[in-house]
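Quick heads-up: structures coming right below.
Here come two complexes built around chain A, the first alongside chain B, the second alongside chain C.
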Partner chain A sequence: MTTTTYPTRTTMPCLICETKNPADALLCDECGAPMALIQEAVAQNRDPSIVTVLGESNVGKTVYLGMLLDMLSKHVDDYEAIPKGAYSVNLQHTVISYLAARQFPPKTAVEVDDWHWAYYQVSHKHRGSSIYDLVMPDMAGEAIAAEVANPKTFRVIRSLLEKSVGAILLVDGALAATGSPQPDFFALKLLSYLDGIVARKKGEKIKAPVAVVLSKGDHCPECFDDPRGFARTNLNRLWNICQSRFENYEFFATSVVGALGYGTDADGSVVQYPLHTAPRGIIEPYEWVLSAL
Partner chain B sequence: MHGPTIHCDQAIHTSLRTAMGEGYRIVAASQGLRPREKQTILRTSPTLDSICLPPESTKSEPLAVSFYQLSSKRLCLALSRFAGQEHTGRGGKRVYTINVILNDEDFARCGYNPFRIVRSLFDTGMAEPKLNPDPVLPQLELPIPDDDAVLEEAMLPTLLPEHLRPFILDTVLDGKALVVDIKDEWTECAEGMILAVPGPMRMGLSFSAGLNFSTSRKHALQFLSDPRGKAKTRCPAIGAIFIPSGETPPVSKEISGWSTMAARYWREGRLADLSRRTSRPYDDTSKDARERLAALFETQDDIPRIEVARLVILAGEIIHHPATGAEKEVCEEFVSAVGASITARLSTLSPPEGETLFDELASLWRKSPEATRFAQPILEAFLQRIVPKNPLIAMEMALKIAVDLPETTDRSQHESLLKNVATQFASWAKGTNSDELAQVPQLVRRWISIRPDSPELDGVDEHCTTAIEKTIAAN
Partner chain C sequence: MHVVRGGAFDTYFESQVTAEFRTGQIALARTHNTGFRCAMDLCDATWINGD
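And now, the complex of A and B:
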């Protein structure tokens, strides 16, 4: 018989939610995070620093994170990033492959076990000998939205944020530039949620660095000139909560594609095609978060 | 033909762009949906290309069904299908899921069959994707169709190998998680399998059919296609047993009586019969109870091949089995079927067999009110059948039940029966010259000693005595 039952042997806590799982489990039974993370952390014998990339659905988290990891592994700006496990390379592999084929990568599924997780050992060749073990999951925007709207829907997100040393919050700059209040409201909700999780004392500002990244900057080049000014004007609610509740925050603009082509799918919906990539402002937010740790 | 109409909450989960956001979420729901229920639905609902694709040759529409209990203890039936392309234009098809949230009483009214709700969704047009729904939906009013006609035609797909079926059922009944990889007909397999689970147990059983594997959906039973091996790799994470597609060697596991019974129904293509037996509101669905019921059902199906004497013994046992609720009904049906079979086979018995059987029935008849209810009509049928053919034997038999009447006997009916036997006996005795006449006077005297008020026998004794004397004189 080719059916198999799996006996439970020794257990190991999940790196994210600390639920005990069988040592040979691939994914945490509670939150769905890969157990390879804790196995790697044990091998390194030090606690990894988790930096979480947040943002609503379709804001560009997957493309940004994939491009960031790819640039790090290409030693851009003298950063050296070593993936800990082949699974860590999946995200950048997917993103770069799709962009090379002039397509955006598929949406990230809401199902937690379909998320890409990246575990990298990062250091800078010329800025001291600090080595950071960075864990960065690519979460579905829908899951983040659901967790913000109904806390504890996706425990993994809450656990991640509780353990995060810093966050990169992506906001759709292109949409904000058109006057849509949606990006501003979502970011406000998200930071309010983060405030509720991370704030230790009432009134005390949050020290963890939060980089607010205005994505799709190719649609609104003005955001590169003055990200803070752009945010103050177009994302005023977000700007205000950052000022009131966060001690370490900064605004950045980013863009991955250089030019877009447009077509329609079978239902007549507009489909965007990235004609070529021209990464801009990818490393800076990350560099700033690292420097603030 | 429709059964009951149920009222339940609904929630539509899909990917839409609205003023409030975009992406997969609950885009519309009725007001009765509770926050914790929403959380579970959000976690469990499929997104992107999560529906298994049937082989192109079948040209059937990809459909998925899942069923699970919410933390509120209400039940969620989810029907998922594709609804055009993903609106963001990032490839893939949009998955549209309508969730029906109902309570356990309504589920019981659906015969514990979640697929009746699915059929109702299609019948009422509620399965059609609505991509511009009002955020607040009314409660669903679903007329639940009778499923007898559907099930009479249904078969458990042959894609599911016969030798695996009882193994799967036993595993599910044991509460273990199981993922079955088959190429197609996931919902048909699921319905056939679910119908073999005792009705009330189905409320606590979560399953999915036609949904790609995800550890986010911790269903106890999953029928799916696993072309990329994701389920096979990840089953350990959820402690589930994975059954790969294609041929597998025989399963070395002791199969329960219940699953053996179900396997027979599947093999014979009798899903409707299986459903009638399993979909009852059993109070006790423990393994012992299931084995008891299975033995009873198997014996009931075997009644035509069991000797009549053995049937009386079985009836005696089952009548006095201390069952309650639906199990009691099953016992009553069994006893009734035994009674009908014995009655139908009375004419096939030889006289000695008949007499022995009558004695056993008469003995059972006196044991308890339930036994009286069972034996009385058979005894009556027996006497009515035999008295025209053999009044002497009928009279002898009637004598055995003419005294010590159980309290619950319908006395007027019984009296009428005895009088009828005595009358026919008297008529025969007055008109016969057979050798048996010699037995009549003594029999009449015994009868009158028990039942002094028997006018129908007036003159029989004298007539027979005279006839006998004449015969002696003639010889």
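And now, the complex of A and C:
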């Protein structure tokens, strides 16, 4: 990977879309990404690797990402993760605080300036001295859906995907297990969109690693036994596009919540509560993406 | 839904791993982290074998 030397003048390029912004700007004028990202990249003097977590609304992106960052911070599986900037900790802080109180975190806002961005320096104690600077935004599923349906609605998503070295695609395994075609179609749309952005030459397969993660595995324990088999059976369209357009992909299953309880809120709407937290399969997809970089 | 008492090997939060902690599972749930431990050998359960 080449290292870019960033100018230390009155303007700075956005790390995501490369639009020049005033050096003291908090957010990029063009795409809304925090300018703190580029300031950290300048301090590191090396390009960070962007790993994007994708998925439709309500699939569990925020909970997965928050739990992943917390586990990395706690040195699970001998990983070490150091947040670069206090803003990076906000996502993990929010998710863990809510789960500990047996609640789910609020839905991620559609507005880009309300998204959480996490910039971590990750290394592994026993696997050489490789250090990865990882930028992982927590994007709203509705924004992803809008961008996929009408490209350039959320320019930041397109710019992010163009810059990403790998992606984690979350697919609702519980919904797929009930026979619903919705997760399959959304994943198909998303990978087709990704194919359109990333593919360099016609017919050439995409080399960037894509981990397809079946979320809410506590509702469909069978997806842990054989994630590939589960995808082939229940997410056949997704399975086919992976085979034909992606060179480097793998299927995983994950769950964060051990058991769900149901209640009603003040409006009488049904609300889900995480009765206890027992993460499973959180690190594995991430570890695989890192190993494939 | 049935009550599950205590935490398991993979419970994430310390506050949820104590013996007093209560969670739940649907009656037919089969999970890798819910089980029971026998507090007595079968041969000591005299009311079962009629001794």
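Note that the second predicted complex is superposed on the first by the 283 of 293 C-alpha atoms of A that agree within 3 Å, B and C clash if a C-alpha of one lies under 4 Å from a C-alpha of the other, contacts with A are read in each partner's own complex, and residues count from 1 in each chain.
Convention: a residue touches a chain if its C-beta (ideal position, glycine included) is under 8 Å from a C-beta of that chain, and two chains touch if they have at least 3 such contacts.
Just so it is clear, the model here is predicted, and its values are computed rather than measured.
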| item | value |
| --- | --- |
| Chain B versus chain C as contact partner of A:Gln272, first or second or both or neither | first |
| Which of chain B and chain C A:Asp184 touches, first, second, both or neither | neither |
| Superposed model, chain A: greater residue contact from chain B or chain C | B |
| First, second, both or neither for A:Lys107, with chain B first and chain C second | first |
| First, second, both or neither for A:Gly141, with chain B first and chain C second | first |
| Touching partner for A:Asn58 - first (chain B), second (chain C), both, neither | first |
| Partner chain(s) touched by A:Lys152 [first = chain B, second = chain C, both, neither] | first |
| First, second, both or neither for A:Asp133, with chain B first and chain C second | neither |
| Chain A residues touching chain B - in the complex, by the definition given at the top | 1-6, 8, 21-22, 24-29, 32, 56-58, 103-107, 109-114, 140-142, 145-146, 150, 152-154, 182, 186, 265-267, 269-272 |
| Interface residues, chain B side, partner chain A - complex | 15, 19-25, 35, 38-39, 42-43, 45-48, 50, 84-92, 176, 214-217, 233-239, 241-244, 248-252 |
| Complex contacts: residues of chain C adjacent to chain A | 1, 4, 7-8, 10-13, 15-16, 21, 23-25, 29-33 |
| Touching residues (chain side chain A, partner chain C) in the complex | 99-100, 218, 221, 258-259, 261, 275-280 |
